[in-house]
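The next part holds the structures, each set out as structure tokens.
Next, two complexes with chain A in common: one pairs it with chain B, the other with chain C.
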Partner chain A sequence: MTAALVPVAPETPAPGARVATGRRARSRRRRTVLAVLVAALLVVLVVTLCVGERSYSPLQVLRVLTGETVPGASFNIETIRLPRMLSGLLVGLGFGMGGVVFQTMLRNPLASPDIIGVSAGSSAAAVVAITAFGMSGTALSLVAVAAGVAVAGAIYALSWRRGVQGARLVLIGIAVGSMLDSVIAYAMTRAGVYDAAEALRWLTGSLNSAFWAGLGPLAAAMAVLLPTLLALSRRLSALQLGDDSASSLGVRPDRSRLALLLVAVAVVAVATAAAGPIAFVAFLSGPIAHRLVRGTGSLLVPSALVGALLVLVGDLVGQHLLVARFPVGVVTGVLGAPYLLWLLARTNRSGGSL
Partner chain B sequence: MTLRTAPTPADLAPRRPASARPRRATGLAVCVLAVVVAVVCSLAFGSRVVGWSDVVAGVLHPDDSIAQAAVASRVPRTVLGLLVGAALGLAGGVMQGLTRNPLADPALLGVSSGASLSVVLGIAWVGLSSLTQYIWFAFLGAAVASLLVYAIGSMGREGATPLKLALAGAATSAALLSAVSMVLLTRTDVLDTFRFWQVGSVGRASYSDIGQVVPFLVVGAVLAVGCARGMDAIALGDDVATGLGQKVGLVRGVGALAAVLLCGASVAIAGPIGFVGLVVPHLARAFTGPSHRWLLPYAAALGAALLLVADVVGRVVARPQEIEVGIVTAVLGAPVFIAIIRRQKVREL
Partner chain C sequence: MSTHTLAVEAATIGYDERVVVHEMTLEVPAGRITTIVGANACGKSTLLRAMARLLKVKAGRVLLDGRAIDQIPSREVATVLGLLPQTPVSPEGIAVADLVGRGRYPHQGWFRRWTAQDDAAVEEALRATDILDLADRPVDELSGGQRQRVWIAMALAQQTDVLLLDEPTTFLDVAHQVEVLDLLTDLNRRRGTTIVMVLHDLNLAARYTDHLVALREGRLVAQGAPRDVVTPALVEEVFGMTARVIDDPVSGTPLVVPVGRHHATNPQVETHDLAG
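Presenting the complex of A and B:
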């Protein structure tokens, strides 16, 4: 299962030159893919600012961004589209990177935080806060982050038995998740129908509540958490070789796993608090990034870029291309189902992970 | 579990203790007694406190007093609780036996989310409005989803391991439920109907609804018990079962049909109720050992008792409101599930 992830160099009896060529080709591919992803992301960012009820030319957008006041455009772009774009970007980066950390560490492409109940804590707390206490805005986000981290901690603690095994963590996560789902269902029946609709919209994940006010905390949290996760990525690569190899490389398995989980959970919880658990972004980003980059190397950055692309493109599609205005989570959720089938069909043939 | 198909009676005699059969029969009698106690509790306790004389009168010939009317309204829900609990217990036993998987459960394996999607589409597009009409849609959705999850979970080299099945169930549920919310977001009226169905409850059904699902439950139960012997053999592995003269494919097919009938009918009438199908066979196995011919009746009786008790708990803890039974079973069942996982060795998962 891990064979593809282990560097091939020591096993290949070929001369050094061939190994070097292969390695160069892989890193060239990786650089190309990253460049293409960044370019695509930039294009999507510009399109997000330009297209809407009223569309503006990129030139007008540029004028607004440099501080000029363009009648009409200024309000639309500065007050509405820019915060929406930025929070879509941040949330997407967070889901993409957080998701791939889970999938890599648990060695299962299905084990993303939204499937194994890690996001369920945030969701349940938010739904209760919306329906029972009528919360919104920053208070709602705080509750969601706190509950997300607490539930993930509980899942981790419950799966602790002389160390944490991936399979046990996944199954306990699923159990806790389905328990919290019934709490959500209960809260929905006790609410008025408008609160229930609001809660459902939150549960699906949408960027509709993205304004400047909430952006500051989100940006600050991501600015701390994403680099921390990147800094931990060496440990993640070591853990992929198995616990024994990781220890011999000077990486303490349990402690590293805990640190990675903590930061990844915090990233996912913050992103969830900002936009709701946008369905399947955390689940899809890692495998898509893996398919693009192929070879070895950390998937954190490519996956984060893919996540941001998914959220922004999904939002564009949901807002402008469908019959009704759908929140982004609906679009990504519908993408998820066929991907799931394809993923499992492929796993059937190769038996590989991620 | 090998005992039954062993070739000669001489082999059987020393290995099966003479006391096993009476002990199991006594155990079953105790289970039935538990069901009776649960039925009495279900009739006697509810959000309204009533005296015992009113309970008796309310069941036999209710007059117009509020207390007796309250008791009378508990009768259909008790009947439904019995049926659904027994069905879920049986279905759980069959699913765990067929998949050789200690974690199989209708709700965890995505069966109820299939039913949910199907019901929502029915409400939104075909204009279903009553429970009677949901039933067929729920059935169809449950059947399709359960086959899909099993197909997905059993792909790959090791077949349907518990881990893969559970993940396949959770992921399929997530995919189906996002399709559900796509419909609900545009149709607030559908949301208003659906959110009450989505919480599993036995409090809504009438006798005519119950009458509609009873045939399915009966056929499902008969099929389930019919393949008990086959499942005992399958527990030894497919090759051994074939060697013992079982038609493995046939047993699997009949068992799967039984599970789909039982789950589909209970989801259709009561909504998704999780963890009963998971927990009950484990409880039953503690008394009976692995033989399915004993396990299944135990599971049916314990399932009925457990569901009724959960329903009573839900009615009593939040007086004067009620907590639906689906929520009580999830809150009580998840810890049991976690305990089961913690006890297993990870290699077996």
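Presenting the complex of A and C:
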């Protein structure tokens, strides 16, 4: 009907050419966005190594990284800044990718693990373990990861009614989250001064305790979990069309959802165990990534990159740009809270569905 | 033409404790259009869902090519049997061609990613549904009728020989309903696709169907060519409604005219006399 408006090709194009053109344009746009994100991330990584109480030139940093001993620089960069940068990177990638899996699967931007109490589960367990049992180190991290997974399982089970629906899970998750917050508050009132200081790290989210020792397990866990999520991303994109469509495409909805949830929860819990629940990173990364790549494919990688940027930039700002030093969680919290308010307001206006 | 066979054998289907369809036995004619009709809550969608393997049968079997469908790997079923569900969800911001492209999922795998063949399949599906011009538009911006075409195109891109549709005309105005059914008929005639659908409108069903299946309270009441099956007695039995059945002046297929309690100025009108 509108054929007259479309310029007629001189010869018959190959079948699929019309579709391929549009698809290529979209994937070009997507690649551009990804390239910009990666470039920005690289810049931030370098800046993180260069800037501090003593700043170094990128050249000095490069010399240290290639194994040279640079007096006055090696210790600062190798022992303090490099592990901090690497854990910020890994934690950010994890929060970003884990969060967007939740939001996509439950079709609700509020269904992020830091809103629905998964991160709170890890924090509460850690705080109780510190204050009541004096735990620390690897054991403490394991408890936090296990608690995150367990709380996610409980929320999932509580919201199960012939399948899980996003909005119900969000509400139950928020309720479970506030229960866990009161557990945290109770544990903190009983805590000694030193324990409380250690516990506080689990509540705000900070890279202050990022040293080489903790980096190995974190890197190993992420090296397994993030590729697993990527491998599951095609199932996620089938689930996005609704359970019925997913099954008709040959994807088993319940199994796939369970696998995705388990891995995503593990990613978020591991990240939380490493740096505390850095506020709103999991919650913000997906929507920001969605704005950037807008409908050109899976959000997993873009959201992971945005997450890493949020954590690293937040940490830089908290460490160097403000009057006092703030943990990264405070900075991202300030960013995330207004967005949460806006989302809630929008939900209210449109009658509850997002 | 489709050589795949789909049949239901003494199947009892339901949700939890509630049985909706009782010991149903049904054979879907290959390469034809079959429509399941019946009153609300008679189990027609439930039956279709079981045939699409969305629901497990409680007893009996659903057979695809003679094999119990729940014994066949999901991926394999998905290359033979496609489904247009009642309420599919489109991801925010996705372009029409990309959504239709999701129908290629069963044809891809770990080592076989997107190819020119997939582009060709998507384009063919968009052409068949007459939405090639919309290929790069976001699905969110389309009207209800256009969106339904997109979903049908996605099912077409899956290139299955059997296509199940659960009320493909709901939410569409009458012009779009006819358009969708014409489209399905094209598909059936050109490719020989076996089509099974659930429809609300008995008259459209009678016109567009080769094989009509009428259900009441989860049991089979009648099946066969609409001309043989649609009678005042059947309408009475299936819908609990008095009606005349006349010849559709356009297609010659049976046309059901409800009597109702009001406006029946000529209740004695005889059937089969309006064809001329």
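Criterion: the second predicted complex is superposed on the first by the 313 of 354 C-alpha atoms of A that agree within 3 Å, B and C clash if a C-alpha of one lies under 4 Å from a C-alpha of the other, contacts with A are read in each partner's own complex, and residues count from 1 in each chain.
By our rule, contacts are C-beta pairs under 8 Å (C-beta built on N, C-alpha and C of every residue); 3 or more make two chains touch, one makes a residue touch a chain.
Predicted, not measured: the structure shown is a model, and the values here were computed from it.
In the superposed model, A:19 lies in contact with chain C only, and not with chain B.
Of the two partner chains placed around the shared chain by superposition, chain B is the only one that A:340 touches, whereas chain C remains out of contact. In the superposition on chain A, no contact is made by A:28 with either chain B or chain C.
In the superposition on chain A, A:114 makes contact with chain B only, not with chain C. By the touch criterion defined above, A:320 lies against neither chain B nor chain C after alignment on the C-alpha atoms of chain A.
The partner of chain A that touches more of its residues, comparing chain B with chain C, is B.
In the superposed model, A:330 lies in contact with chain B only, and not with chain C. In the superposition on chain A, A:248 makes contact with chain C only, while chain B stays out of contact range.
The residues of chain A lying in touch with chain C in their complex are 2, 6, 14-20, 22-23, 25-26, 104, 107, 162, 234, 237-238, 240-245, 247-252, 290, 294-297.
Of all residues in chain C, only 15-16, 49, 52-54, 73-79, 81-83, 85-95, 97-99, 101-103, 105-106, 108, 114, 116-124, 126, 132-133, 135-136, 138, 154-155, 158 touch chain A in the complex they form.
Contact residues on chain A toward chain B in their complex (touch as defined above): 108, 110-111, 114-116, 158-159, 161, 165, 167-168, 170-172, 174-179, 181-183, 185-186, 188-189, 193-194, 196-197, 200-201, 203-204, 279-280, 283, 324, 326-327, 329-330, 333-334, 336-337, 340-341, 344-345, 347-348, 351. By the touch rule above, chain B contacts chain A in their complex via residues 103, 107-108, 152, 155-157, 162-163, 166-172, 174-176, 178-179, 181-182, 184-186, 188, 191-192, 195-196, 198-199, 274-275, 323-324, 326-327, 330-331, 333-334, 337-338, 341-342, 346, 349.
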